[in-house]
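Each of the next two complexes has chain A plus one other chain: chain B in the first, chain C in the second.
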Partner chain A sequence: MAIAVVAMIRLRNLFAVVVLSGIYSFLMATLLVALDAVDVAMTEAAVGAGVSTVLLLGALHLCRSEEAKPAHRPWLPLAVSASTAGLLIYGALGLPDFSDPEAPIHQHVAPRYLQNEVDVPNVVTAVLASFRGYDTLGETTVVFTAGAGIVALLRRRRKGGGQEPPKP
Partner chain B sequence: MKHDIVLRVVGKLLIPFILLFALYVQFHGDFGPGGGFQAGVIFAAGIVFHALIFGLDHTRTLVPDRLVETMMAAGVLLYAGVGVAGLLLGGNYLDYFVLDQDRIHGQHRGIFWVEVGVAITVCGVMLKIFYMFASRDRDRDRDRDRDRDGEGM
Partner chain C sequence: MSAAVASSSLLPELIQHFSHIITVFLMVSGLYIVIARGNLIKKLVGLSVFQTSVYLLYIAPGKIIGGTAPILASQYGVYSNPLPHVLILTAIVVGVATLALGLTLAVRLREAYGTIEEDEILALDQQAELEE
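For the complex of A and B:
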């Protein structure tokens, strides 16, 4: 994964970058399967590697496939990312060990979820759809809003005539 | 890619199974991994695959824009409607226990319909975004042609 990321940063050919990001997504999905998060892995494989690769290729079809040289050296963004990464790693040191049964997350609400009072064998589905139904309703609305935004942005030109649309 | 016989044959063989797998992920989501979001995405991916192989126009006649846009809104409405159904039957909003005589059965029913709503919206939005991106180029070409014709006249 690290190799894929470094290659994505170094390469100027955007087509190769899109393909590499698809590879990155598949590796990520494999990692998630190894962590026993099959639901998330499925989403990552379908959205990250499948649909978004196709969408990026479609967008690439509309613009040039070579990335322009940056106007200045990106030291400030690099410093921000490096310090954020440092903070995250520092925070991760304070987490309990992986698969530690005494970890606070396994003591709080997880036992109640696992008691399975709704009798749905897949706990992820039970939590998403039942215990946290409001969250999922909000997420669905967000997805709908994203689609509506795309429609509002890209469809305007049908009536507008020869007016050049803003670049996506 | 429209004229590649291998792709066409393999696509024709695989697409029904992709769509079937999406339905399996949808309806088996209570018991195995999966659920509405994953099912919607896999279903959309199957249709996008069809569009890549057979051309966007062909897919658009099979899955028209109007249907896709209706799906986007219908899923959210279905989800919210399950909540309202809970209210009407005397519970709280999104309370599934009241949806059936048996509390557990009510939960199953609520989760089922909610997941269907999620799947419909996700599938509709993914397809709409894909249609929008993929048809941009062609719209531009058509506009350019029209502009040129306009100048010629």
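For the complex of A and C:
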């Protein structure tokens, strides 16, 4: 996965970058299966690797698929990124160890969710639909707003003609 | 001598936080793509790499070694934490919506300016200002 990311930084052919990002999403989905997040992995494989790649390819079809050479040296972004990485790793050392059953994340509401109060064996579905329904309402609002924005932009484009990448 | 002691205590620490280190690496490379590259589509790809690193940041602490996926069954007793999974499911869908909106903006910019390179767009803007 790290190799895919580094290649994505280096490559200037945008088509290759898009295909690599699809591969990266599939690798991420595999990693999520290994971390027991099967629902998330399924969504990531379908949405991240499928829909996103289609959207990116649709946009590439409308734009030039070759990136220009960077105009200035990348030392400043590199320094910013490296110092951010240093700070984040220093902060991460204070977090609980990997897979520590005593970590705060496993003490708060998770045990109650796992008691099967709503009679659905898949706990992720139960929490999504019963305990945290407002999240889905907010998500729908965001998707609707994005769709409305895309339609607004598309309407202005119609006068010039052309095609729009498919909306999810 | 003291350096050897420090490294021997640091190494298991780093292995315990391996998932965090991968997360930080992905996050920073996404950030680097967003800052350093001028092409708008490549910036959006970098943004989605950043986003997937956040998925990892949430999911990894919920894992318990020896536990299974949070689907209740009588033969298992230990499950991974289901709450981050729910939050990230929402985040993935929102991420695609924002990606679609960003790509539409890029396509519109390409129509208006004929390019999706940040530098060229800024140069065109400056030129237009000078001509006014």
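Keep this in mind: the second predicted complex is superposed on the first by the 158 of 168 C-alpha atoms of A that agree within 3 Å, B and C clash if a C-alpha of one lies under 4 Å from a C-alpha of the other, contacts with A are read in each partner's own complex, and residues count from 1 in each chain.
Rule of thumb we're sticking to: a residue touches a chain if its C-beta (ideal position, glycine included) is under 8 Å from a C-beta of that chain, and two chains touch if they have at least 3 such contacts.
Predicted model, so just to flag it, every value in this text is computed and none were measured.
Student: Taking the superposition as given, does A:Q107 touch the first partner, chain B, the second, chain C, both, or neither?
Tutor: In the superposed model, A:Q107 contacts neither chain B nor chain C.
Student: Using the superposition described at the top, determine whether chain B or chain C touches more residues of chain A.
Tutor: C
Student: Applying the document's definition of touch, where does A:V143 land relative to chain B and chain C: first, second, both, or neither?
Tutor: Both partners, chain B and chain C.
Student: Tell me the contact category for A:P77 with respect to chain B and chain C: first, second, both or neither.
Tutor: second
Student: Determine, under the contact definition given at the top, whether A:S21 touches first (chain B), second (chain C), both, or neither.
Tutor: Only chain C is touched by A:S21; chain B is not.
Student: Quick one: classify A:V51 as touching chain B (first), chain C (second), both or neither.
Tutor: Both chain B and chain C are touched by A:V51.
Student: On chain A, what residues does chain B touch that chain C touches as well?
Tutor: 38-39, 43, 47, 51, 55, 58-59, 62, 121-122, 124, 128, 136, 139, 143, 146-147, 150, 154, 157, 162, 168
Student: With touch defined as at the start, can you tell me which chain A residues reach chain B in the complex?
Tutor: 38-39, 42-43, 46-47, 50-51, 54-55, 58-59, 61-62, 118-122, 124-126, 128-130, 133-134, 136-137, 139-141, 143-144, 146-148, 150-151, 154-155, 157-158, 161-162, 168
Student: Give the list of chain A residues in touch with chain C in this complex.
Tutor: The touching residues are 1-2, 5-6, 8-9, 14, 17-18, 21, 24-25, 28, 31-32, 35-40, 43-44, 47-48, 51-52, 55-56, 58-60, 62-64, 67-68, 70-71, 74, 77-78, 80-82, 84-85, 88-89, 92-93, 95-99, 101, 103, 105-106, 109-110, 113-114, 116, 121-124, 127-128, 132, 135-136, 138-139, 142-143, 145-147, 149-150, 153-154, 156-157, 160, 162, 164-165, 167-168.
Student: In the complex, go through chain B and note every residue touching chain A.
Tutor: So the residues of chain B in touch with chain A come to 25, 29-38, 41-42, 44-45, 48, 52, 69, 72-73, 75-76, 79-80, 83, 94, 96, 104, 107-108, 110-111, 114-115, 117-118, 121-122, 124-126, 128-130, 132-134, 136-137, 139, 143, 146-147.
Student: Can you list the chain C residues touching chain A in their complex?
Tutor: 13, 16-29, 31-33, 35-39, 41-42, 44-46, 48-49, 52, 55-56, 59-65, 67-73, 79-90, 92-101, 103-108, 110-111, 115-117, 119-120
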